[in-house]
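My questions will all concern the structure given below.
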Amino acid sequence: MSDLSVATEELPPVAPALKVSSTDVAVEMVDVNKWYGEFHVLRDINLKVMRGERIVICGPSGSGKSTLIRCINRLEEHQKGKIVVDGKELTNDLRKIDEVRREVGMVFQHFNLFPHLTILENCTLAPINVRKMPKREAEDIAMHYLNRVKIPEQANKYPGQLSGGQQQRVAIARSLCMNPRVMLFDEPTSALDPEMIKEVLDVMVGLALEGMTMICVTHEMGFARQVANRVIFMDGGQIIEQNDPVSFFTNPQHERTKLFLSQILH
Amino acid sequence: MNAPSQTFVSNALIPAQAPPANSVGINGWMRKNLFSTPLNSVMTVVLLVFIVWAVTPFIRFTLIDATWTGTDRQACLRSTGACWAYVKAYLPQFIYGRYPIGERWRVDLVFWMLVIGMIPMLIPRAPFKRLNAIFLLGIFPVAAFILLTGGHYQFAGRLIPNSVMPPSPLRFAIEFGILSAVILFFVGLFAWLSGKPVAGSGNVVGIILGCVAAVLALCGIDFGLVPVETANWGGLLVTLVVAITGMIASLPLGILLALGRRSEMPVVKLASTIFIEVWRGVPLITVLFMASVMLPLFLPDGVTFDKLLRALIGVALFNAAYMAETIRGGLQAIPRGQYEGAKALGLGYWQMMRMIILPQSLKIVIPGIVGSFISLFKDTTLVIIIGLYDFLGQIQASANDAKWASPVTGLTGYIFAAMVFWAFCFSMSRYAAFTERRLDRGRR
Amino acid sequence: MATLLNNPTIRGYAFQIVFVLVLGWLVWDIIDNTARNLQKANIAAGYGFLDRTAGFGIVQKLIAYAESSSYGRALLIGLLNTLLVSGLGIILATVIGFIVGVARLSSNWLVSRVATAYVEILRNIPLLLQLFFWYFMVLRAVPGMREKWSLFGVFHINIGGLHVPKLVLGDTAWMVGAAILIAIALMIFVAKWGAARQSATGYRPPVGWINLAILIGLPVAAFFFAGQPLHFNVPVFNETGPLLRRGFQPDSGMTIIPEFVGLLLSLSLYTAAYIAEVVRSGIQAVSRGQTEAAASLGLRSGQTLRLVVVPQAMRVIIPPLTNQYLNLTKNSSLAVAVAYPDLVAVGGTVLNQTGQAVEVVSIWMLFYLGLSFLTSAVMGYFNKRAALVER
Amino acid sequence: GTLEDVKAKGFLQCGANGGNLIGFGATDEKGEWSGIDVDFCRAMAAAIFNDPTKVKFTPLNAKERFTALQSGEVDVLSRNTTWTMSRDSSLGLQFVGVTYYDGQGFMVRKALGVSSALELSGAKVCTQTGTTTELNLADYFRSHNMPYEVVAFEKNEEVLQAYEAGRCDAYTTDASGLYAERLKLTNPDEHMILPEIISKEPLGPAVRQGDDKWFTLAKWTLFALLNAEELGLTKANIDEKKTSDNPEIKRFLGIEGNFGEPIGLPADWAYNVIKGVGNYGEIFDANIGPSTPLGIARGLNNLWSKGGIQYAPPIR
Amino acid sequence: MSDLSVATEELPPVAPALKVSSTDVAVEMVDVNKWYGEFHVLRDINLKVMRGERIVICGPSGSGKSTLIRCINRLEEHQKGKIVVDGKELTNDLRKIDEVRREVGMVFQHFNLFPHLTILENCTLAPINVRKMPKREAEDIAMHYLNRVKIPEQANKYPGQLSGGQQQRVAIARSLCMNPRVMLFDEPTSALDPEMIKEVLDVMVGLALEGMTMICVTHEMGFARQVANRVIFMDGGQIIEQNDPVSFFTNPQHERTKLFLSQILH
């Protein structure tokens, strides 16, 4: 897991250069609570993400990280509190939900590419059908992003023919094709072999450098150090601590954070 | 950047709270499962109405308006509900058909033997599986055969006619000798041709001789039972005989066909494939027709088969083809390494199959096998088409009896038949599901 | 010698030779016995009987048939009836099966329970029983021969069947036919044009509406242009006269007989229970992640279903679905139990009148086998094309 | 020959109607067989074994009956089977005689207001497949130029259910069968059997071709039943008649001459038949006659001497 | 892969003590050729293995190592040349093949234990059914060998309940129960985790010390150094080089061998 921290640590932390570029709020969560049946999985979550911010969320397994970011594009419903994305509050209004999903890209741990479509079709599906973009244009955009993730030559293959790292890069490109304002990543590298992790992280660092708003659940501490504005530590469904990466890693405040960091770094 | 939120350390842990009232409990459950969206609410209401609309008449017919007692059709002629009195009066015939009343204890005995043999077989934890299987597959069929037909078969008489030599222990000995020699010859030939000489496996020879002798002797003995020809069997008895014999006979046949289809010998492979595909490609009732109309044409003059036996042959062959495909699936799931491991230890083809491959693949396909048993069980109703009175046939025939015929008699009969078949098939499918889950756990 | 005995190749050959000999002997023996038995019973072998006069009536005939037609014709009628009931049964079973299968996965508890109950009840009761049940249910539920229920004054139901107007073609009816063909061609063109527009501009023209207009408008225009060459032969219902003369008159309108309805209903309801299971497992085989990914790309649930879930589920569904189609076709042979004249029922009558058991059974088998092989060939081709490309 | 085989196995195997045709071949709740077809088999058993119970019945449906006989599954087929030329000549069987002169008729609802089959134009008719009935029906309607529609079922049970439900205007089968089936209707009185008989249906037992001895035996068993009625011999009085000096009766009872020997039976074979099952008239009356629920009049089936056409060659 | 070379190197090489104890030929291959369809997989193989010899075969993937040893107990048929095992030539004679298989034990990369039989039944199956040994005796022998591979306490478990290393040790014990004269190993450790490799190699070293004739395809160079009399290097279906382990490792002759060794040792 920390193979990569070697690779990325060679670069100087880019955080200073990556100043938050705007004061707009991209995502705001106010007192969000969520239950699975009787189980209280998110507790009083308060979080404000500015446009251009890059947030890394970490924490032990089962602490509610995935649930949190899945609430942001309403893959899960919250029961209490308020979530506002890009100025739109998430309620039961289906139209709002669609609008929000169009502006929020998500990359999953298991890629979830569509196996029956070629790479190019995977990337153009949403632009054509959601954004009503002409096919030509959608393909141009798709090729642009495939270039960006460095696999233009795979455009006409099927997902089954690609390695895990390549698949995850396609998943990122696919999200980018919708030109989202916010990107969510849910442990994008944890299903990958070490060499492939690097490929994917490089792409993500690139994105970060361009100022994309990112909320990323990951345990790649090298990545967190290098690109995050803020690191959030969750446990038991709550935000236990949040801080800028340097302070977070060098000077954790909470006992739980200290324990967690001592396990994850060696 | 206004970064008031930059640094944050929670100082108090938030305790778990109870979820909002409208998301748990009966309310939450209904909200989530019945009325989550407007569309869902509409569907719930519509379905509720539908259920009431569909189920009420059924309950009225089968329970509220039903006639429970009576001695003949007068009781039901004006009824708008089921005529259970008729079912009660005919129940024995539904079960035994025309089996003579004084002899019905024999059927009961066979039934209880089956139940006693099956129950411990079906409970995974019960001990003595091997003995149990010997009982079910070896002793039970012979006993059932003798009890149901009455035994005292002079099969042996087919070899040496009475006119040449009257029945005597000597004739039995001679005929037994001839028969076992023939069987042994074929077993030996088959074994040699397929890879492993039987020489040395003295106990195999012994077992074969013993079994042949025992079966012949038992079937030949006069137990003093009145013979009951199969034409008089009927009802559930015929259904169960056809189903169970079909199941038991189709399994080994299916295994042979499956092995044949995977054989490396082109002729064997081709023959098995054609056999399987042809049987699977045609409807069962044409097979039954063939068995009942054409089989007599195929046989030499004077040789006849009992009608039930003909249906059994048809059903068994038909089902064997389906069974073969199920088992082939299981064989294909066994990794190559198992074959190689067995070969490297020096096991021969049949040893390998018997001890390594088949036990594993049969276990995998148990759910599939039970599935085809269920369809076989349902298909037994088709024997009606060739004039055998199975459970459904018997019910239909009786519904038309002048003594009980009434507007509701037929429907009552169908409902009763449906309930009985459903109970059998549903419990089988539940059992299959249970085994599947158990095996899954075992594999994990 | 010993080495010869133990040589697996030689054994293999020996086994196969013995196998062929035994099989050959068996087949020869059967043929020989059959020939002898037929001769003894004075039955001529061969298909010559197909030209002889059948002499019996058939209640449902899709093409012209009379008692004076030949046995061959009678069998053809049966074959067409089999195809008709199987074809419609397949369509109906697919529709019901998909609905029930999707319903089993519904988030609505009641819906999924009812669907489950449907599947568990219908799968576990013999088809023959359901056939009797539905047939006699239909007979008992509808009004008698001299009464009727009418729907919109066009469809009439009574125990004689469903009576509907029959389309009768006039001399210039070909114009309407041509108009329909032209309309279909136009529709294809419009669909292509729509797709091209969408690629070019991103906006999809209302192809569906345009096509609907073409489909209705063109034939209707042609209809009037050609001087209304189509008219309906409306079922005539007599309310007066001797009782036997009342009710629907023969040769008026089109009658869908209750035997057909009962058979169709039971076949499709029964098969639908199996198809529902096929559909359910097909949909479940598409992982949740796929739906979530589609949702997070902003696809609406209809689009997700159409573009992501269904194409993937279909790969899983289609092979077992074909099996169910074949089963339905084979099960249609139970028709004889409720007097629907399918191939097996008509064949049975022919068999009984001519004694040509071998020939009639061979016709049955060839028909069903041909159908199976055709289907599996098509399926094999389809499967090969649809296989997911893997590394 | 068949006789030797039957003697060797100790019973006669008789193919009977499996479809519960009351009065001809049917079983009751206890599985007891009754009917005139069944009694004919009993008569044969009585002739051969002097024991009318030494007979086993195989229930057969219309389609399988001939194969069952051809293949030797049954020794004699006594299952209301119409004697036709094609059956006699090309199915490998031989009809023994006529136990019942029948003809195809129609049953309709009285409410239909029809009094003759000639008024059935346009009717829907239910019947059973695989019988001559289907062909007669077609011939009759065609020759009278009447349209009709036939709904043909596999089994009797369904024909009746469909008729009762109102699927058809008329139910056609042999008149005898109509009387039997009518009993099973909810309200038998609401239905009537039309007077027309549209076909000749001589029903009789059949045996396999090629065994003349067996054929003769079967034929004379039937003649014995008829002769006995003509001679006034009944189950009840036959023992008294042993003392009769009527030479015809003496020959019949085997007291004078031995007519049994050539057909492989004891001299008193005919005595055994009557003692076992009674004469033809008795069988008729017990099973289908006016005093039974079926209530069929003798009509054509009366002896030639009483205005019918049942006529048996003499034993001489 | 070379974790173990460290472990075993601590012992002095045992090879000198393990002199070939007899001059009998255990396995002899003369000009053996084999094709898979058109593909020539074994080319003119000549190999003589003396009783008591321990041979290690190595070489790149696809070079025909597995095929070679599988020919020795006729899991594969060769098309040209002569293979004599324990004095019996392998031809189409089934009886001979059976005899040879009885004398030759084989351990597979993936163990191939029978999952539906207990460990003890796995071990007694062949002795009872092939050697026609009384069950009692077979079980005693099986327990002896299970003791030897140090898992007597697992006798009544099923293979699925054992770790990979334990399973492979059972596989070895199962072969030994047939009291074979020659043992063949096809990459017995390559499907195992590092800790487990050691367990299995220890057992194999023990066997070697007792003088068992062994032919072993393996890349465990530590094992080769410690116990082999001879190391054979294959490539492209041919034997490229064979030598005693010391010379083989320190002084490879052929270019291919050098290349191969440079990759495998570091």
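Should a chain be cited, it is by its letter among A, B, C, D and E, assigned in written order, with residues numbered from 1 in that chain.
In this text, contacts are C-beta pairs under 8 Å (C-beta built on N, C-alpha and C of every residue); 3 or more make two chains touch, one makes a residue touch a chain.
Labels paired with UniProt names: A, E = General L-amino acid transport system ATP-binding protein; B, C = General L-amino acid transport system permease protein.
Bear in mind the structure is a predicted one, so any value in this text is a computation, not a measurement.
Counting steps between touching chains, the shortest path from chain A to chain E takes 2. Counting C-beta pairs in contact, the pair that comes out ahead of the other among C-E and B-D is B-D. Comparing the CA-atom centres of all chains against that of chain C, the greatest distance is found for E. Ranked by separation of Cα centres from chain D, the top chain is A. Chain nearest the geometric middle of the protein is B, using mean C-alpha positions. The centroid of the Cα atoms in chain A and the matching centroid in chain C are 51 Å apart.
Rounded to whole angstrom, the centroid-to-centroid distance between chain A and chain D, based on C-alpha atoms, equals 90 Å.
Distance between chain centres (mean CA atoms), chain B to chain C: 29 Å. Between the Cα centres of chain A and chain B there is a gap of 56 Å. The multi-chain contact residues of chain E, meaning those touching 2 or more other chains, are 94.
Residues of chain D in contact with at least two other chains: 63, 67, 70, 154-155, 158, 161.
Residue numbers of chain C whose C-beta contacts span two or more other chains: 8, 11, 37, 40, 132, 136, 140, 336-337, 348, 351, 357. Chain pairs that touch one another: A-B, A-C, B-C, B-D, B-E, C-D, C-E. Of all residues in chain C, only 5, 8, 11-12, 14-16, 18-20, 23, 29-30, 33-34, 36-38, 40, 106-111, 114, 120-121, 123-130, 132-133, 136, 140, 330-331, 333-334, 336-337, 344, 348, 351, 357-358, 361, 364-365, 368-369, 371-373 touch chain B in the complex they form. Against chain D, the residues of chain C that register as touching in their complex are 37, 40-43, 55-59, 67, 132, 136, 139-140, 144-145, 159-160, 242-245, 249-251, 257-259, 336-339, 341, 345, 348-349, 351-353, 355, 357. By the touch criterion given at the top, residues 195, 200, 337-338, 340-348, 351, 355-356, 359-360, 363, 443 of chain B touch chain E in their complex. Residue ranges of chain B in contact with chain C, taken from their complex: 33-34, 36, 40, 43-44, 47-48, 51, 189, 192-195, 264-268, 271, 277-278, 280-286, 289-290, 293-294, 296-301, 374, 378-382, 384-385, 392, 396, 410-411, 414, 417-418, 421-422, 425-426, 429.
Considering their complex, residues 1-2, 5-10, 13-14, 16-20, 23-24 of chain B touch chain A.
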